[in-house]
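You will see two complexes here that share subunit A, one where it goes with subunit B and one where it goes with subunit C.
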Partner chain A sequence: MNKHKARFPHLPDLRGTVPLALIFFVWALKGHEASGPLFQDASIGAVFDTGLDLVKSGALWENYRASLLRVVLGFAIGGSIGTAIGLLLGVSFWMDRLFGPLLTALRQIPIFGLVPLLGLWFGMGESAKLALVALAAFFPMALNTYESVRNLPTAYREVAALYRFKLLYRLRFVLVPYALPGVLTGLKLALSFAWISVIGAELFLSAAPGLGNLLEAGREQFRIDMIVLGILLVGGTGWAMNAAVTALERHLLRWRPAFS
Partner chain B sequence: MAVSKIVQLPTANRARETHEPPSIAVARRHHATELVVRNVSKSFNIDRRPLPVLQDISLVAQPGQFITIVGASGCGKSTLLRLIAGLDRDFEGEILFGGRPVSGPSLDRGLVFQDHRLFPWLTIEQNIASAFSSRPIDTATKRLLVKDHIALVGLNGFEKAYPHQVSGGMAQRAAIARALVNEPDILLLDEPLGAVDALTRLYLQEELQRIWLQKGVTMIMVTHDIEEAVFLGDQVIVLQPRPGRISKVIDVGLTQPRDREDSRILKLKKEILGEFHNPAPINYSI
Partner chain C sequence: MQLSPAFGWLLKRLPSLLSPFILIGVWELVAQTHLFAANILIPPQQVFRTFLDLLADGELIDNIEASGARVLSGFAIGAGAGLIAGMAMGLYPALERYFGLLFTVIRQVPFIAWAPLLIVAFGIGETFKIIIIANAAFFPVALSTLDGVRNVPRHLKDVAALFRFDRLALMRSLVLPAALPSILTGVRLALSRSWMIVVAAELFAASSGIGHMMDWGRQMFQIDVVMVGVVVTGVVGFILDQMLRQVEAHFSSWKLPSR
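What follows is the complex of A and B.
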């Protein structure tokens, strides 16, 4: 419960939009000047017109959809494997001893450093892109799940032992709720990394429909308006994904003092 | 363990069918539920050296008896309760419950921890219900049992509250309800009133006594408060620290409920206080 909410219980908190509005304001004022400071000849109007054109031709949706599909698929693969492996290592002492160091070592490699290797294994096409996105989602999910599960306090383990909770009950009503805050943090990071790596994969690997493709085309054709449009879409989508997980968090963690 | 669970089941069902108060149900299953602790010693390894925590503890709790344990901080009271509960099996000596050695936790032996240890993500109601998750009882019976026990500890209206939304004393009462909902034969209480203010404390002492009288359950309660120990206990066990050992056993010998101002209570209180000021020499060659 913050001050704003206490004072204006029915108004949404819009303070976070002020800096953004300022940027747009400056852009609207200065953007029309040829070789203006920010985006050269990309005035708000030009970007809007370009957007409209691309929507009409269907090109925008085609590219956008391709990127969204990649992030959803890649995240589903990498995120679920990551959660499973994090859970396994967190729960099992032996698995932790065997594979913990490997996981720690692998996480040190920057994801885009793996592009050449993935290219060798998967070619430069769609599967390599998906593999990159999956890997990007895998590590934050695996590591956050692992950490949260491993830290289950002895106090709760003892209550579970005292009342002789069965394995499934223990998982569902002790381990999962306890680990959930950490797992959700992992989810946020994983989605964000996956989205970044979708754009990266589209820029680094072979050309195919996608927002990265739109950005690249803008660069080739000296179309700043297209680039700016692409950036706005990438940023907006990332923001929306984060907002969605935050809303989910609010719902799932409503038992926490801070959320009620 | 499996046997005891099956034994408990008819109790719950019978209570539901006939709507008899739980106390009668409990009285009926009065069988051998004596607790015997015989020459129990326990040490922890600290910095690779053994630290003796309990030394040669022996006690017997008859079915339905109320035993209180007093002793300075760190003299091993919680450790002793954990051994009886079966949470720690690494000790010397013998702990028998109903004639059989304690080999792990069982629903027959309830424990209320020093901290309430409710799960913060479960409501009060769900926390209490979690206690019988491992027993095959039908949902209607479960609901009835939870409702009864919420009423027993006076938490009506807070069923759907999360632990952080209730006071410390209320959380502790919920923890007591969780421990009682399986109708254990013996309830171990580790300073259950340690975290509440003096007024609430007096009130909760009487609540505990009422529950004990109503349920007929054996209770072993650890406390720092000597008056509380004498007011509630049929027998008061005084522990001396380092290593924790029994320095005195006092049979109170007054019927319950009692009057706090009873001169005999005050006299016993003084006697126990004296025990703390001039510890009697311990005779190790018993």
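What follows is the complex of A and C.
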């Protein structure tokens, strides 16, 4: 099917790098022309030089570390509460009926629509930022846990009841294996939402070290190097987190035929 | 005892119908206790009154319209481009080999991180808002279209080849109908994402829109206005999602079996 493979069996397929290289070349050739009223200096050399300064002075690391800390803390808070609530709603018939629709409805609120409200409630500082990140992680975690636990087939329940499995045994060998794939999907979503909302919180709420702050400062000072570095780090970190959860997923679900 | 079907239906859904009232009830009760200052936790009926006021003087409708117009133009551009890109890459695999990596790289960066770059490039006006929405609407549609086109069942392609369908007939009678359910899923995701993003884009700077209304409310310390905004954005998002789910359900009823 793959003509490229058939024609050049020993070469890796590098065609995907062509557009990237083109963009890079256009930037290298035309970048200095773009510098003017809009950009301070957008030529490739200048962006590299000032970017390098940012790395050397430790300013980049300081911002990056602050964002990482926020995502870990916010995710830990929102993700654990979300898992607990999802589990509760999924297991209990009445909780499901009473609060399930509520959870589904609340999820529809755009996460950044909560910024002004959280800003008023918690002030524009660190606690509002953490609250936003925690909420962003809460919903996907709660919903995915809730749905995968709730859908446990009756047959599984009946077998567990028939063999009089103890509660812990039932959790370990019936509920957890059944719900794990859905919960892991929730984990992946929650992490990426948390990461997006960290950047948003840093952009919208008061200035403090963080990648969002780096981006915002770059915008105010027309410093393309700051913005480019910020975008690269935000994108790269999001990608790495996703890859890490996917690896975890593969490991935990290795007993499933689809993953072997 | 035999229950009438209507009563049974009601009994089954009663708790779900009750749940919004529970929320409002708890909210009211907590407001009653005065645990929080009255200007921090606004009781529900006051939020409702503010809602009616904003509705009566037309402010709310104007802002919803402004946000809606932004979502529509950004979504139309992004989803349209996504549909074309997904179709093209699905029909011509070589295109995907060339542009797949570029797409993957761009997709890794969350929409919010593009905002400062776009503001530097396009200023803080409408252009930046529409581009950021279009960018976010593009990927779900492009990916789900690609997926749908690629997964057209082999045996149907064989039949089409046997009947010597020309390109147009192939598109119209096979590829589009087969890919439609998958495309619609992408469209739903793209639309709800667009709605989420317009609120964020308006927080950066805007003179109209629901996000602007909320940010203004925050600066004026009018929590009731902010809360009306939260509820309205939630309800609009919910309605958009439900509408497209209906469309999706309608078209997936003739979803093709995979083999």
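Simple rule for what comes next: the second predicted complex is superposed on the first by the 209 of 260 C-alpha atoms of A that agree within 3 Å, B and C clash if a C-alpha of one lies under 4 Å from a C-alpha of the other, contacts with A are read in each partner's own complex, and residues count from 1 in each chain.
Just so it is clear, a contact is a pair of C-beta atoms (placed from the backbone, for glycine too) under 8 Å apart; a residue touches a chain by one contact, two chains touch by 3 or more.
Remember, it's a predicted structure, so these values are computed and weren't measured experimentally.
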Touching partner for A:Leu102 - first (subunit B), second (subunit C), both, neither: second
Touched partner set for A:Phe24, first subunit B, second subunit C, both or neither: neither
Partner chain(s) touched by A:Phe165 [first = subunit B, second = subunit C, both, neither]: first
Which superposed partner A:Leu203 touches (first subunit B, second subunit C, both, neither): second
Partner chain(s) touched by A:Phe48 [first = subunit B, second = subunit C, both, neither]: neither
Comparison of subunit B and subunit C by subunit A residues contacted: C
Subunit A residues within the subunit B interface of the complex: 155-156, 158-159, 161-166, 169, 173-174, 177-178, 180, 255-257, 260
Touching residues on subunit B, where the partner in the complex is subunit A: 1, 85, 87, 104-107, 111, 113, 115, 117, 119-122, 130-134, 162, 164-165, 182
Footprint of subunit A on subunit C - complex, ascending: 15-16, 18-20, 22-23, 40, 94, 97-102, 105, 108-117, 119-121, 192, 195-197, 199-200, 203-204, 210-211, 214-215, 217-218, 221, 223, 226-227, 229-230, 233-235, 237-238, 241
Touching residues on subunit A, where the partner in the complex is subunit C: 3-4, 13, 15-20, 23, 38-39, 94, 97-102, 105-106, 108-117, 119-121, 192, 195-196, 199-200, 203-204, 211-212, 215-216, 218-219, 222, 224, 227-228, 230-231, 234-236, 238-239
